[in-house]
Every structure is written in structure tokens, then in C-alpha cells.
Amino acid sequence: MIIKITIIALLAYLGAIGAPWILGTTGGFYTLGRPLVAAALVGLILGDMQTALEVGMLIQAMYIGIITPGAVMPFDVDYIGYLTPALIILSKTDPNIAPTLAVPVGLIGVTIWNLIWVINVYFAHRADKYAVEGNGSGIRAMNLGAQIVNFAMRFIPAFLILYFGRGFLQELQKMIPPIIIHYLTVVGGVLPALGIGMLLNMIIKDKSYFGIFVIGFMLVKYLNLPIVAIAIMGAVLAVFWFKFQGGVSYNG
Amino acid sequence: MAEYKKLSPKTLFRSWLTWFFFNGSSQSGERMQGIAFCHSMLPVIDELYKDKEEKIKALKRHLVLFNVEPQIGSVIHGVTAALEEQRANGAEIDDNTINTVKVALMGPLSGIGDTLIPGTLIPILLAIAIGITKTAGVVGPIFYALVYPTFIAITSWYLYKFGYNAGLNGIQEIMQSGKINVLADALSVLGLLVMGALSASYINLSTTIKYTSGEMTIELQNILDKIFPGMLSLLAIIVVWYLLSAKKKSPLWVMGFLFIVTFIGVVLKIF
Amino acid sequence: MIIKITIIALLAYLGAIGAPWILGTTGGFYTLGRPLVAAALVGLILGDMQTALEVGMLIQAMYIGIITPGAVMPFDVDYIGYLTPALIILSKTDPNIAPTLAVPVGLIGVTIWNLIWVINVYFAHRADKYAVEGNGSGIRAMNLGAQIVNFAMRFIPAFLILYFGRGFLQELQKMIPPIIIHYLTVVGGVLPALGIGMLLNMIIKDKSYFGIFVIGFMLVKYLNLPIVAIAIMGAVLAVFWFKFQGGVSYNG
Amino acid sequence: MAEYKKLSPKTLFRSWLTWFFFNGSSQSGERMQGIAFCHSMLPVIDELYKDKEEKIKALKRHLVLFNVEPQIGSVIHGVTAALEEQRANGAEIDDNTINTVKVALMGPLSGIGDTLIPGTLIPILLAIAIGITKTAGVVGPIFYALVYPTFIAITSWYLYKFGYNAGLNGIQEIMQSGKINVLADALSVLGLLVMGALSASYINLSTTIKYTSGEMTIELQNILDKIFPGMLSLLAIIVVWYLLSAKKKSPLWVMGFLFIVTFIGVVLKIF
Amino acid sequence: MIIKITIIALLAYLGAIGAPWILGTTGGFYTLGRPLVAAALVGLILGDMQTALEVGMLIQAMYIGIITPGAVMPFDVDYIGYLTPALIILSKTDPNIAPTLAVPVGLIGVTIWNLIWVINVYFAHRADKYAVEGNGSGIRAMNLGAQIVNFAMRFIPAFLILYFGRGFLQELQKMIPPIIIHYLTVVGGVLPALGIGMLLNMIIKDKSYFGIFVIGFMLVKYLNLPIVAIAIMGAVLAVFWFKFQGGVSYNG
Amino acid sequence: MAEYKKLSPKTLFRSWLTWFFFNGSSQSGERMQGIAFCHSMLPVIDELYKDKEEKIKALKRHLVLFNVEPQIGSVIHGVTAALEEQRANGAEIDDNTINTVKVALMGPLSGIGDTLIPGTLIPILLAIAIGITKTAGVVGPIFYALVYPTFIAITSWYLYKFGYNAGLNGIQEIMQSGKINVLADALSVLGLLVMGALSASYINLSTTIKYTSGEMTIELQNILDKIFPGMLSLLAIIVVWYLLSAKKKSPLWVMGFLFIVTFIGVVLKIF
């Protein structure tokens, strides 16, 4: 078990913002760090793919629109992506509380990131010295060296949370009254609205475009179309939207 | 007259690759991606400046504050490489010019990049991946993990080369033509459609209110479903959106709001 | 029963064209006077909401596009709205004959309205006299006074039709041979085409817009979508139609 | 120089309210809504003209023939109130001018109003209400009875104020810009879609023709349904529309036609 | 049976390219010569409408986009249309091999057509002589006379293929191992892609229009809409496409 | 001055009818539809030229190479009839002019005609007919056999008359206005939608690959169907289209390719 937890904590580092090893930000934070991918890896490691994917889809949907402009991170999707499904599986808890569990996990991740962001100032100042000496390798060393901090501050907390969290969660769960469970389920149902709302806030400048969102909503509710079908239709629509707009932006 | 020093394709590729992998490595509140920028310029500097003084000047020049959406931001590195090349060949380009260009491109490319990539493309691909996962399991995340990085890696390298070849003017022309906005329009249509579909599956709010009169029980949720299924979930989204956009509340604030409102709702037996 | 009939007849007056008391034309003729609203009130009063709504939807669909340009009224929807469901419920008749029953009722209403329209000339002439005297209150009295005529000519016939009609209809029904019932059902099925046709005649100037009507028709026939869903989709479509037309009207 | 007499907000509101409630009260073939117009001007006249002669002239001026779609027509009352105010303050506006303005606006506003309100908005709202009634019962009529009057009352009052503030020119500008036609286009798209949907549920025409050969029975209606369900109902609508639009038949004529055709059809065992 | 075969062979002539008798090219090659129409006639003659239509729909779909620019014919749909369903019915073979059977049949037809096309040069030269003499009737005779060739070269081979083919096919079928039958079924499933591909190649100039094809595909796969419904919706769409394009062609 | 010789309506109709029936009768590799063209001009020549020499010249003039999409190509016959009429009345129109006009119109009208009729209209009508056949049997082919020839016959005759009345300029104007291209665009939208629908029913490619691990069997086709039903069929179409358009392969080549690929697939137990 210790080995499995170690691997998960390691992945939580590799998928963290700033970790460069797997194709930089692209393969790291934006791929390994996405809850759906993370959950699948957790499922593979812990041998319960089904629960992992269930949790993964739920929390991925919830944090689907996370962006980090200027490194400001509202919730740390990487920590959420690895720690939430792992804790759920390890403590055999109801997957429906995943959205709620994700909240404290995500905030711990944000706190860590903010610390890293301050500590890294140190490397910038040392790099300045190397520049004056014309020492290019020194600058390279500073850029890479920052990963020692990143590793330490990502791997260790993740490991500890998993190691102690699973026992704690099991205990906790026994003591929670049913009404709280119901409450957490209700919260879990609404929380994804936050991620979607943040996305809408970002994409929509002209309110009438909200109508397109509603159409997507209804295509599922009324016609039961799968998302893949809707995405393909949407892509066709987008192509002609672009073609026929003749350079005039309405929502831009 | 001295021979024109041209950056070799290999140098350009190494410069891009350094940036692509290490752009976020030492981000900090003071310098942001500054060290990473300088790091990615090392191959260029090494090839262009044999003179030690020139090299030191170049290193200092690129160690200042820098920040951009890193994946499409590589276009700036291409432009910068082109400027350095011209400078090394005697053009009158001083530190200030190069920095001005970098700063001028940073802002708009961050805005466009964050909107198009984590704001639109990633959510669309993830929504599709969730859809696939729902029916075909682990094929979903695999799909995402293959398609996304491949597409972005190619695009990012292409943009670096484009920046190098087009130089500053080319980039500005495109950004001013409005085509990028129309592209964003079209992509947002796709994105909104898919997000709407996703919301229909993953956001769930329903009321438990019942009226019992005699032997007949009327469940309010039943009636709502008959009028417009998912009405409350959609309402929840609209409220969140309203709080974020019109009321300018922070995401954390809204999260607290949701916790409290649902708590009250559960206590009052509304939800 | 007399009380119930009285209330219905009273409502038939309050929802008639010209009756001012419930938010003028807006709350009267255009709200109380719509068959769907009228039928619901009749259902409430007579204690058979289900039949009332069934009839209400049928006759509302049939006369949905009634307009009265320059006070020219093709069918009196107000009388139809109150008297048809009331007669059906009171005489326990088959709701399917409602569209047919609506025809004579609607024509009686029209005749009454035409009479009122002529009688009201009297008030205009008296108002002229008050004007010469500078008597504003007199003019006000003339505008309100016309309601005495309206009330008398609406309430009394409605009451009589309900009072005698229900017995008469019950008798009548026993004597009708099945082929006539079949005929009335067939007629009832086609009559709503008249209301829709009138609407099309009014809205459509450029024939290609008929295609949109056909799409709406097919969305129900093939995909079984409810009208609410179609209306929302249509609203989204309309918003972008407006947006992208750039000020050029094709059907206007 | 005399002080400028400005109509108080209260007077304007009372004027509008009088019109909103009593616009149809004394309609007649001779004067149409003429008395109601004068009635709605009483608060204005009382406030502006203290001189008896002026008041009499004003009353006579507004007692002439008047007719407009009453709900959006309130914009004319706003304009008229503004004109009276200017006149009372000495502007050269005679009876004729005021009447010309009223008459000029009456026609187009009746056309636009009848098309947009009883011709488009009401049918759309009623169709939605019918849809709701079908699944959720009495919620349907309640929905209509709340939404329609509320929306119209607000609009009508807004238009009165708009007319008062913008004056004649403002209104004419809008009506000539073509925007109103494009709005009507867009609304007709929505209206037609909804009417089509409604027709699919509420118009029913089917044939009873059967071919029996041996033990096999072929029902024509079955075949028609397989080609295009509701074909005959749609045909009926097209015929009615054709008679009304191309043949310029009256609704009553068409109704008679339907009675007769279906009668023949029933007798010949077609329907 | 001989009579029936004779009639089918005759129809195969009447529907061939160039046969003028039934409203020229319009009623002949483009109507009688279409596999769906041909199959229905074969079904009527041989008394097995169901099999005939099944085969007809299959091969019509497959060759739906055949065009013959400058008289260059890739596959002879007329021969395919008559001979394939007739052979299938006469030899009681599995209709699923129709697409494969259609291939050799179609190529025989093409060969015949190419021969005719060369032989007809003769009539042109004789017509030249009549022109010099000012003999209009002679020219007319040459235009009609070519039909003797067409008749001979269409009717006789068709008759022979049907007469000998049915026995041959019956024999053949008994000897074919199941794997070949499976292969032929697989081929039959893909072959129609050729006809569709040819059509796409012709219609699509701007690749984005392929998206519309995909939408049509999905409307059937996901919503199970019948083609008639899709065609009507498509017609409405096309009307507004035309209307709103303001004279700018994107795909033309 | 001689009286103006005008072609009688009857002559024009006979000329068109001759063409309509016999356009393809004697097609050949050398002269294409040349004899048929001359044949269709006989009524015109007979009416216009009483002089033997003139008649011989006319016959020779129209016996040259001619080829056009025959159904809409009738517009050329109309134009030619008009030119002959003018010539017979003394206008300076020599053999060369008439032939130039015919040749000039031949090309574009063949392109447009083949695209619009066998390329778009016929496939659409046939697809609809197949759809009807599927549910209502023989009604499908009957539908096609009635609608198509009727529509085309009327159109073709209309175009003949149009050509005769508008003359050369009229036709060229229309062809240059771009309207025809927009019409083709719109029709291709309809055509593509319908072809897509048709393909979904009539193209069938599925894999038989299975993974068996222990007691569980995973069928690849099942997974594909859950991601996008008909994926392989659509892929097959795209491959065919690609080979034809980008690789410029002939249909026969592609057919061979399909036979071979499916053969390999069947042998390797993929299909």
C-alpha cells in the first residue's frame, strides 16, 4: 500500500503546475493534472477503475473550466484529481461525496502553490548573479533547481494526506448522521455549477450567446443525445459560424 | 562586409523545446516566467554572440519579468529570436526595443491564449472525453491524453516558427484583423453547446417539496420536470453566473454561498 | 347552480372586448377573454377542471391567432371561452364536439359586439356636448357609461344561453345519430386549421418562411418534443436571426 | 417671462393609467376610441389649461376619431402630452398639427401592434401555456395570466414615457430605421415554429379509406403516416392558408368551406 | 419464363442511355434506368416485389450519384438495375450479394455502351451526306436509325445473361464456401461508399461542407429520423441558405 | 421591305420536343449529340428557309460536334432558334457566329447541368424515394417516376422558351451573376444532408475483433458504437472520397482497392 500511495503522490507532483518533466505544462498540468486523467491513473494503481472513473467524471465536470491567469489559481485541480478518488477508494466511501471532499483538498493545493510562488523568488535573484557572470548554465540550473522546491512541497503533503486521510475518513464516515450525508449529496449536485459558471463568465460577453448553452442543455434533457454527438454537431455549426460571419465579431 | 549570421533550424528547435518543457518551472511572484524565458534563449544567445560582453547583456536582457500563456506564447520567442538575429547582424535594436516588443505581445497573447486553450479547447476536449468515458470507460481519458498534448505540441512549435518568420509585423497584423475574435466567437459557440450538454448530466438540483391532500400526493419536482426538465439545475447555473459576472463575486465567495444556500434548503426541507 | 351560472356570465362580461375593469384590454379581453384562461376559471367554478382544460386547450388552439383590427371581430373568443366549456360540462357532452359547438357561440358573440359598436355612437354624441361645456367629468362619465350597455348585452345573453342551453344540449345529444357525431368529430379536427391559417396569412409575407412552420410541425411529429422545448429553441434562434440580419428584413 | 409649465410625473402616470384601463370602454363605429382618448387626456388638460376657453378647445380637439392598437399605442398619448405641454407654454401648435400627428402615428402603430401583439406574442405565449397545461394542468393558464399582463403593462407605460420624452421625431426615426421589421421577422420565426408545433398536436385530419383484397387490408392512412405523419392535417392548413391569402376569402367563407368539404368527405367515406 | 425474361430485357433497352422512346433521356435513362425504378418493374414482372425492392434500394443507394459527363460512364446503372434483381430473384440467391453481383453486370453494360459509342460514328457520316443533299428526313432517319444498334446491343446480351445466368448462379452458389459469402457481404456493405464518395467528390469544393454530410449521417444514427423528414428539413435549410447568402458562393 | 418571319409557337414546341426525346439517340465518340441537334433544328429550318441553298447551309451548320447536359441544355436550342430567325430576316449572322455561341454555352451548361441534375437533384429525389420505399414499399419508385420526369419536362421546355426570348445576352448575364453558384451551394446543402442520411442506412462496415480475457469478452465494435455509431462506415466514405479527390484515383481503381482491403480484412479476421 505504501508503494501505491508513493506512486500516486509522485504523479500528483508530475501533474502539478510548473512540473516540467512530462512535456512541460502541456503534458503535465494540462494533461496529467486533469482530474479525469488523474482518476484513471489512480484507478489503475489501486485496482478499482470503475469507482475511479465515476469520481473522475464528477470532479472533472466540476472543475472543467478552471483557468489560472497570471498564475492565480482558484482551486488546485491536480491535487483534487489525485487525492479525491484515491481517498474515496481507499476509505471505501460513497463516491457522491467526492465533490465536497474535493473542496478542502483543492484549497490545500492552492495554499501550497502560493507558498511555492513566493519561495521561487529566491531562484530569480540567484539567476541575476549568474547573468552578470555570463554564466548560462547557472541560469539553466536555477530554472531547473526550482523543481526541488516543487517536488518537496507537492509530494510530501500528498503522501501524508493519503496516508493519514484514509483512516481518518473511514472513522469520520461512521459518525456522520444521514442528514449530513444528504446535505453533502445536495451540495455535490450543485457545486459543478460553479465551474460552469466561471466558464460562462469568461466565454460569454454578449448575453444572447447563453441561448446556445441552453440548447446544449436541452439536447441532452429532451433528446438524450450523447456529448460526442453534440460536440460534432457543434463543430460543424462553429465552422459555418466562422465562415458566414465575414469578420464581424459579436461575442469577442 | 561580414557574413549574415543565420540561426540554424536546430537552434530554433532547441530554443522552443526548452521553453515548451520548462516554461513553468521556476514561476514566481516577482519574475513570473522570467528565468524560463532566459533559459529558452540560451541556444540562441550561444549561437549569435561569441563576444562575452554581448552575451552578458543578452542574458540580463531576457531575465526580466515575463509572463504569457505558455503554449501559444511561443510565438513571442520566435519573434524575439528573429530580433536577436537582426541585432547580432548589426541592426539598430537596443535592449529597450526588444523588451517593449515582448511586453506588448505578452498581454494580448495571455488573454487570447487563456480564453482559447484552458477556457475553450480544454473544456471541449474534456467534455467529449467524459462523454466517451461514460459509455466506453477508460478510452475517454486515453483519448484526451493522446489528442491534447499532440495537438498543442505541434501548434506551439508551428507558432514559434511562425513568429520567427513573420517577425513582429506579421503577428500584429493578424491580431488586429479581427479574425481572431471571430474564431473565438465560433469556438465559443461550440464550447457553450458542449458545456450545456455537460451541465445537463452533471449538475443536479431538485426539490423535495410535496403537497399531500388526502390520499393524493403532488411532488413539486414532478411538475417542474414536466414543464422544463432540469429547471432548477439550470437556475443554479444562472445564479452562479450572475454572481460571478454581474456581482463580481470571487469563486470562493460563490462556493461559500452555495454551501450556505443548500444548507438552508436542506434544513427547510426544500432540497 | 344559478349562482355558478351567474358567476360565469359575469366573467364572460369581464373578459369581453371593451370591458375595462381588470387591467383594461390587457387583463380583460387579452387575458380573461382567452379560452385557455376562461376554461380554467369555468373548471374551477363547476368543479371539473380536467374536462374544462381539455376543452380549453382545444378551442384555444383553434382560435389562437384571432386578431381584431379596427374592431372587426371574426369570432368572439371570449364567449367561446366561457360558454363552450361550461355547456360541455353542464350537459356532460363529449368534449370532442367543442370545436363545433364553439362556432355558433362565437357568432352570437360577434353579433352582440356589432350591436354594441353601433349603440355606443350615442355616448360619443353626448360627449361632444360635454366638451362644448368644458365638462371633463361628463366626458369621463360617457366613457365609463358605455359599460352599462356592454354589461347588459354580455351578461344577460350569456346567462340565458347557459341556463337554457344545458338542458337543450342534453336533449339534442340523445337524438343525434352516430354518423353526425362522427362528422362533428371530423369537423372538430379540421376547424383549428382555420385559426392557424389566419395567423399564417398575417405573419407570412415571404412564402419561404412557411418552411419554419413545417419544421415546428415535424419536431412534434417525429421527435415528440413538447412545445415548451420548441419555444425555447425558437427563442434562441430568433435572437440570432435578429442579430445576424443586419437590419435587412426579408419577411417584413 | 412666464415660468415653463412642466407636466408632473403623477399626471403622466394617471393619464397613462386612464388609457390603459379604459381604452376600449366606449368604442363605437363612429368615433372608435375617441372618447377614451379624450378621457385619458383629462389629467393633462386639467394641469396645463386653467383658462376655460383653452380647456374647451382641448377637450374638443381630443374627442375626434381615434383608433390604435391600445397596448403599444400609448406611445401616441405620450407624444400628444408632450405637444400639449409645448402648446401650453406658447409654442405655435394648433389643433390641426396635433391631430395630424395623432393620425399619422395611428395607422402604422395599429399595423405593427396588431402584428406583434395579438398576431405574434399572444399566440406564442398561449402555445407555450397550452404545452404546459398538457403536462402540468392548471399551471398553464396561470402562467399566461401572470406573464402576459405584467409584461404588457410595463411595456405600455414605458412606451408612454418614451413617447413623452422622445417626441414625434424620435418615434418616427425608430419606425423608419427598419429595425422594427427585423424584429418582426425574428419574432415571426419563433411564432411560426411554435404554431407549427401546436398544429401538429391540435389539427387532426385522417382518411378512413381502406383497400381490402382477400384477407389483407391496406389502410391508406397507415401508408400516409409512414411517408409523412400528419400529411393530411398539414395539407388542410395549406389549403386554408391558400384560400385566405391567395383567394382572399373571408374566415367565415373558409369555415363554411371546411364544413362542406368534411361533410362530403364523411358521406363519401373518405374521412 | 421466356416471356418474362424478354420483357425485362426489353425494359433494359428502354432504360438504357440513348434510348429515346420514353420521354427521351429524362424518362428513359434517368427514370426507367434508375435501379430503384427498374427493380420495382422487375419485382412486378417476376412476382416478388419484396425481394426486388430490397435489392433495388441497396443498389440504388450504391449507384445514387452516378453521372456520365461527356458520355463517360463509370458503371452502367441501367443494366445493374434490371439484371441484378432479376438474377437474384430467379436464382433465389441471398439479396446481400447484390452489390457484388452488380459489379460485373455494370462493367458488361459499360463495355457495351463504349462499343455503341464507336459504332454510332457511322450514322454521323451518312448524315453528312444527306445534309449536302438538303435532305432533312435523311438526317432524322440517321438519328433514329442508331436505335437499331442500341436495341440489338442492349436487348440481346440482357436476354442471354438472364437466360443462362440464373442457372449458372444457382450452381455457383452451392459451391461457394461460407467465408466467401461472408467476404461478399462485407464487400457489399462497403461498396456503396464508392457511389457516395463520387458524389462528395463532385459536390464538395469547400471541405467544410462535409460537416453537413456528417450531420445527415448522425440524424439517422442518433435520432433515427427517416430520410423524408431529413429531406424536408434540408429543403427549408437550403431555402434560407440561398436567401441569406446574398449572392456570395462559398462552395461553388 | 419584306415581312419579318417569326417562328410559330408550334414550330418552337416541335423543335424542343424533338430534342427532348431524341437528344441521346445517336450519340457517338466523334460527333456526340451533333445529329440530334440538327434533327431538333429541322422544324426551325423548314419554316425559315424556303431556299434550297440556305437550307443545305443550315443543315451542315448544325451537324457539327455538339454536346451538353441535354435536359437543361435545351436553353441553347432556344438561343439558336432565335439566332436563326434573325439570320433568316437578314441580320449579319454567319455560320461561325452561330457555332461560336453554341460552343460557348455548351461547356458551362454541361458543368452546371451535370452538377445540378444527375449530381444533386436526382440523388436527392432518389434518396427520398428510397426512404419512402423503406416504409411504404412500391410507393417510393412510383413517387420518383412521377415527380422527376414531370418536373424536368416542364423545366426543359421553359428553358427552351427562355433561351429563345432572352437570347444570348440574357443567358450570359444569369450565368455570370453568381446566382447560379449560390443556388448550387444551397442545393448542395440539401444534397449533402440527404446523402449523409442515406449513407447511415446503406453503408455498413463493422469490425469483428474481440478481446477475450477469462470469462469476459469485449467486442471492439461495441465500444466503437458507443463512441460514435457507424464510425467505420463513415471512415470508409472519407477514405473513398480522399482517394477520389486528393489522390485523383479513378472509380474503378477505388473499387479494386475496396475489394482488396476488405479481402485482407476478412482474412485477418478484422471484418
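Letters A, B, C, D, E and F mark the chains as written, and numbering starts fresh at 1 in each.
In this section, contacts are C-beta pairs under 8 Å (C-beta built on N, C-alpha and C of every residue); 3 or more make two chains touch, one makes a residue touch a chain.
Remember, predicted model here, so these are calculated numbers, not experimental data.
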Reaching chain D from chain A through chains that touch each other, fewest steps: 2
Subassemblies held together by touching, chain C left out: one piece
Superposition rotation for chain B onto chain D, Cα-based, multiple of 5°: 120
Selected interface, C-E versus D-F, where C-beta contact pairs are more numerous: C-E
Rounded Å distance, chain A centre to chain B centre (Cα mean): 14
Rounded Å distance, chain B centre to chain F centre (Cα mean): 50
Where chain A and chain E are represented by their mean Cα positions, the distance between them in whole Å: 58
Sites on chain E at which at least two other chains make contact: 212, 214-215, 218, 222-223, 225-226, 228-229, 232-233, 235, 239, 244, 250
Multi-chain contact residues (two or more partners), chain B: 132, 135, 227
Partner chain F, residues of chain B touching it in the complex: 132, 135-136, 139
Chain F contact footprint on chain D (complex, rising order): 223, 226-227
Touch list for chain C against partner chain A, complex: 223, 225-226, 229, 232-233, 235-236, 239-240, 243-244
Chain D to chain C touching residues, read off their complex: 20-32, 34-36, 38-39, 42, 45-46, 52, 55-56, 59-60, 63, 67, 70-71, 110, 114-115, 117-120, 122-124, 126-135, 137-138, 140-142, 144-145, 148-149, 152-153, 156, 177-206, 229-230, 233-234, 236-237, 239-241, 243-245, 250-252, 254-255, 258-259, 262-263, 265-266, 271
Complex contact set, residues of chain E against chain A: 208, 211-212, 214-215, 218, 222-223, 244, 250
